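So, here come the structures, one by one.
Two complexes follow with chain A in common, the first pairing it with chain B and the second with chain C.
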Partner chain A sequence: MSLLAVRDLAIAAGRHLLVEDIDLDLSEGEVLGLVGESGSGKTITCRALMRLLPEGQLRITRGSVALNGRDLVPLSEAAMRKVRGVEVGMIFQNPNSHLDPVMRIGDQIAESVRYHEGASRADARKRAIDLLRQVGIPDPAGRISAFPHEFSGGMRQRAMIAVALACRPRLLIADEPTTALDVTVQAQVLRLLLDLRDRLGLAIILVTHNLGVVAQTCDSLAVMYAGRVMERGPKRDLLRAPAHPYTEALLKCQPGSAAPAAQLPAIPGQPPLAGVFPEGCRFHPRCPRAAGICRERPALLPAGGKRLVACHFAAPPRAA
Partner chain B sequence: MTAAAPLLQVRDLEVRFRAGGIDLPGLNVPGFGARYVNAVNRVSLSVAPGETIGIVGESGCGKSTLGRAILGLVETQGGEVRFAGDPVAPRDRTSIARLRARAAMIFQDPYASLNPKLDIGEAIAEVLRVHGKAAPDAIAARVAELLRLVGLSPELARRKPHQLSGGQCQRVGIARALAIEPSLIIADECVAALDVSIQAQILNLLMELQRRMSLSLVFISHDLGVVRHLCRRVAVMYLGRIVEIGLTEDVFAAPRHPYTRALLAAVPDIDPDRALAPAQLRGEPPSPLDLPAGCPFHPRCPHAQEICARGVVPELRRTGDIRVACHFDLPPMTQQGEDP
Partner chain C sequence: MSAEALSRGNWLGRGFATLGLGHANLNLVLGGAIILGWALIAVFAPWIAPYDPIAHNLPEKLLGPGLSHPLGTDNFGRDILSRVIYGARIDLQMGILGVLFPFLIGTTLGAVAGYAGGWVDILLMRILDVVLAFPFLVLMLAIIAILQPGLTSFYIALALVGWVSYARLVRAQVLVLKTSDFVLAARSLGFGRLRILFRHILPNCIAGSIVFSMSDVVLVVLAGSSISYLGLGVQPPTAEWGVMIAEGQNFITTAWWITTFPGLAIVLMAFGFSLLADGLAERFGLRQP
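Up next is the complex of A and B:
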């Protein structure tokens, strides 16, 4: 059984559906990359998994989020508070806005251990030191009483990972965790995430717009566009032989994939604004293969191997 | 290419910022005197007409400050900028005005660099008026022409920036830069805020405009993939200095400076069969307020020797077609892109 199974999830703002038909699966120790451009719905999908949608603005209208077989959607806020932190940890792009600037790093880690596990002050402190060591902060016993502003950007991201892992969750949701970091520091943080996966068997959902990051860290991949999953499957399959025209176009317009100084095969037009999506396949106004049938909505269907594709022109699965 | 007289020549340029402390002559109490950041430290480079040069480096390396200093947008403390052979006098308004009539800048944040209260037609017309580039009755037509040039419909002239997407705003920023009919454009992270599909459109536009108008382009970016695609030459900066400069293909194929090597190795490759390279550098760049003695890179350098810590700062020296600021001639890298 998979650790996390999302079925038919839909999120709406008022009468506008922003995200729909989201199906995702994740097993122990797996790293799933959630890729897409801004406005594709990857961040609100992650927030919906944790039931962290801004109240009164966005709500889950349909679907289920099963964590270890238990659906999170109908849970009370009190029950969700136990899920967050204990079963699922979360890290974000900007550690500055998610670490308390006037609280010592060690206390921020110990807080959730004391709250969720009722640990003693001394035990929580020991755990905090151990976690800082695990995320590669030098002199953890000394740095435990530092404030976030005393840490560099990369160290803050490490500290936020330590906070997220304080109660030993099985799943880590990482929303653009390296986007604000320099490339040499990004390499360190990605390496750390993979080490934690190997050591702790942690499953990770990695939200990113960077296909290089995906290629180097993920096992499987879900490509989102305009609030839907366009294609999902093992990383290598998608990057080597994309089946959806959007995945293909996204790969082709990377500067590395064309000869230097050659014109890049850019995707014409703009992505649609959230909530005012085109009828049928949402990519069809920009799609080189679009035809009449694309005015009907394609379902996300198996397309051979472990791959699912939402395109009328994707090859049907070969008979086994 | 080297035969052509350079359009832009920068020699030993220095920019220093005050960073706290008390600036009193004669004050000599340790910890209380004014402290300075050498954001740009004796940087020299030249750009030929029609050439594209990339300036790469991590945050805080001084690449943006260098771009701004070239156009006189920040005060410089030393060195010289020559444009089309003439020295630019940073404090002389006519000299700066002459420079900015032929050299323009494109900024990273397309929304922040446009006045939110002006419609975009007005924003472009303003440039034309200030620089006297079009007669008053010809301005509207020229605005429409510039919008078409950057791939926007002239009907958008009535829109305000908030009614446009990020990519469209960046095109407006480019149209404003082109309005002065520049021979040099300094683009500071001008595609960093854009999604990759839109980024490709803007890069295509820049390459096309450059070919058509034989523009020189100084392209400042942290994205090595973009620089590799766009630029003929590249300069790598670390803590205010250029540590390596040469033809892009040479630098990317056989980087000489250990920092360039680490930087290139850290870029995640889109090839799914290449495993994540081991992190090559420990730690993060030191605070520019408190630079280490000797080579500024030595605390993070895997090849550092004693001389790097106590010796002088290594100067740029020529090895082959590349100039590199390192005391050593490192052996070539192995096939996997790792240091032997």
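Up next is the complex of A and C:
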């Protein structure tokens, strides 16, 4: 059984559906890359998985998020609190602002251990030191009493990972964990995440708009556009032979994919704004292969192997 | 702080630095020293004061500052120096307790209003508007007059009136911080609302209130002295600076020392707390040094 199974998830702001038809699967030790442009709904999808959508603004309108077979969507807030931090950890884009600036690093790690597991002060402290060592912070015993501002950006991101993993969750949602870091530190943090995956059997949802990051780290991939999953499947298949025109266009836009002297190709047009999504396939106004049938909504269907594609031209599978 | 005072502070600060005291926060050091001085005087009053602050000694009444009575005596022959020393006990207590209760009440109510929002916020803010609609001293006097003159009534009145400033200050910051990133991160760890409010949001917005409380002490000491002066606070013959000024005003033309020295004591204590407020603001990074 898969660790996480998201089915038909839809998120709305008032009457406008922002995100719909989200289907994701994740098993133990798997790294799933959630890729898409800014505004494609990656972050709110992640926050919906944690049931942390901004109150009164966004809500889940349908679908299920099954973690170890238990649906999180109907859970009460109190029950959800026992899931957050304990079964699912979350790390964020900007470690500068997502750590409490006036609390010592060690206390921030220890807090959830004491809160959720009722550990003693001494045990929680031991766990904090151990976690800081695991995320590769030198002199962890000396560093637990440091404040976030005494850490560098990379160290803060490591500390945030330690905070998120304090209660040993099985699933880590990483919302653009490397975007705010410089390139060398990015690689270190990604290596750390993979290392933790190997040692702890952690499953990771890695949100990113950087296909380079995806190529290095992920096992499988889900490409989002305008609030829908366009294509998902094993990373190797998607990167080598994208089946959806959007995935293909996205790959072509990567620096280095075109000839060195040539101008970098771009996808013509702008992504649609939430609330005024086009009828049918949401990518069709910008799609080079668009035809009349694209005004009808394509379903996310199997397209050979483990791949699912939401495009009229990808299904039926090539094998047929 | 005015620009002139600021530059003077910097100049003195450099002086400190050359004296080998490092780049000390001059306001903090000086203000702390003054308040510590007053605290020591208050604690050790019975040992420091040369005379009994209350006992009458009519043969020596209305003596000017001199060798036996450094700051002179009042119309009952009581030693002004001793009374100023004993007065520090009352005035320091007034300053601290008179700020502590409004601080605690205002901070808590403001934090709850800002974080809870909705009708809780609306209700608390309307009550706050009602309190603010009255002039501070008038409302204080009314409440004290209803209860009964005395220090206890003074503290109760201050708690009822003074919390509004803290509540507004804290509420505004909680409103900003409750949507901040680290609060989202705390929620992602499964913490409850109360824990997030009191362990994560409040420590991040308390600095402004602490700084304000220091300057508020000045106002409270002055208010306490004013109310004692009007006969509704500390009752004679207790030595309190405001009472001393009130009693001495009939002799202002003939015996200036009776009113002047307690007045200077009030100024010096207020000065100490203002420096402390400035120093803390600097230390907390709320203001550029």
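Quick note on the criterion: the second predicted complex is superposed on the first by the 316 of 320 C-alpha atoms of A that agree within 3 Å, B and C clash if a C-alpha of one lies under 4 Å from a C-alpha of the other, contacts with A are read in each partner's own complex, and residues count from 1 in each chain.
Assume a residue touches a chain if its C-beta (ideal position, glycine included) is under 8 Å from a C-beta of that chain, and two chains touch if they have at least 3 such contacts.
A quick note: this is a predicted structure, and the numbers were derived from the prediction, not measured.
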Clash or fit, chain B versus chain C on superposed chain A: fit
Touching partner for A:Thr45 - first (chain B), second (chain C), both, neither: neither
Winner by number of chain A residues touched, once chain B and chain C are compared: B
Touched partner set for A:Gln134, first chain B, second chain C, both or neither: neither
Touched partner set for A:Ser220, first chain B, second chain C, both or neither: neither
Inter-chain angle, chain B to chain C through the CA centre of chain A, in degrees rounded to a multiple of 10: 80
Which superposed partner A:Val163 touches (first chain B, second chain C, both, neither): second
Partner chain in contact with A:Arg191 - chain B first, chain C second, else both or neither: first
First (chain B), second (chain C), both or neither touched by A:Val86: second
Touching partner for A:Thr247 - first (chain B), second (chain C), both, neither: neither
Superposition-derived minimum Cα distance between chain C and chain B (Å): 6
Touching both chain C and chain B, counted on chain A across the two superposed complexes: none
Chain A to chain B touching residues, read off their complex: 37-38, 152-155, 182-188, 190-191, 194, 209-213, 215-217, 235-236, 239-240, 249-251, 253-258, 260-261, 263-268, 270-271
Of all residues in chain A, those that touch chain C in their complex: 50, 52, 54, 80-86, 89-90, 92, 94, 97-103, 111-112, 115-116, 160, 163-164, 166
Interface residues, chain C side, partner chain A - complex: 179-182, 184-192, 195, 199-200, 203-204
Residues on chain B engaged by chain A in the complex (per definition of touch): 58-59, 165, 167-168, 195-201, 203-204, 207-208, 222-226, 228-230, 248-249, 262-263, 265-281, 284-285
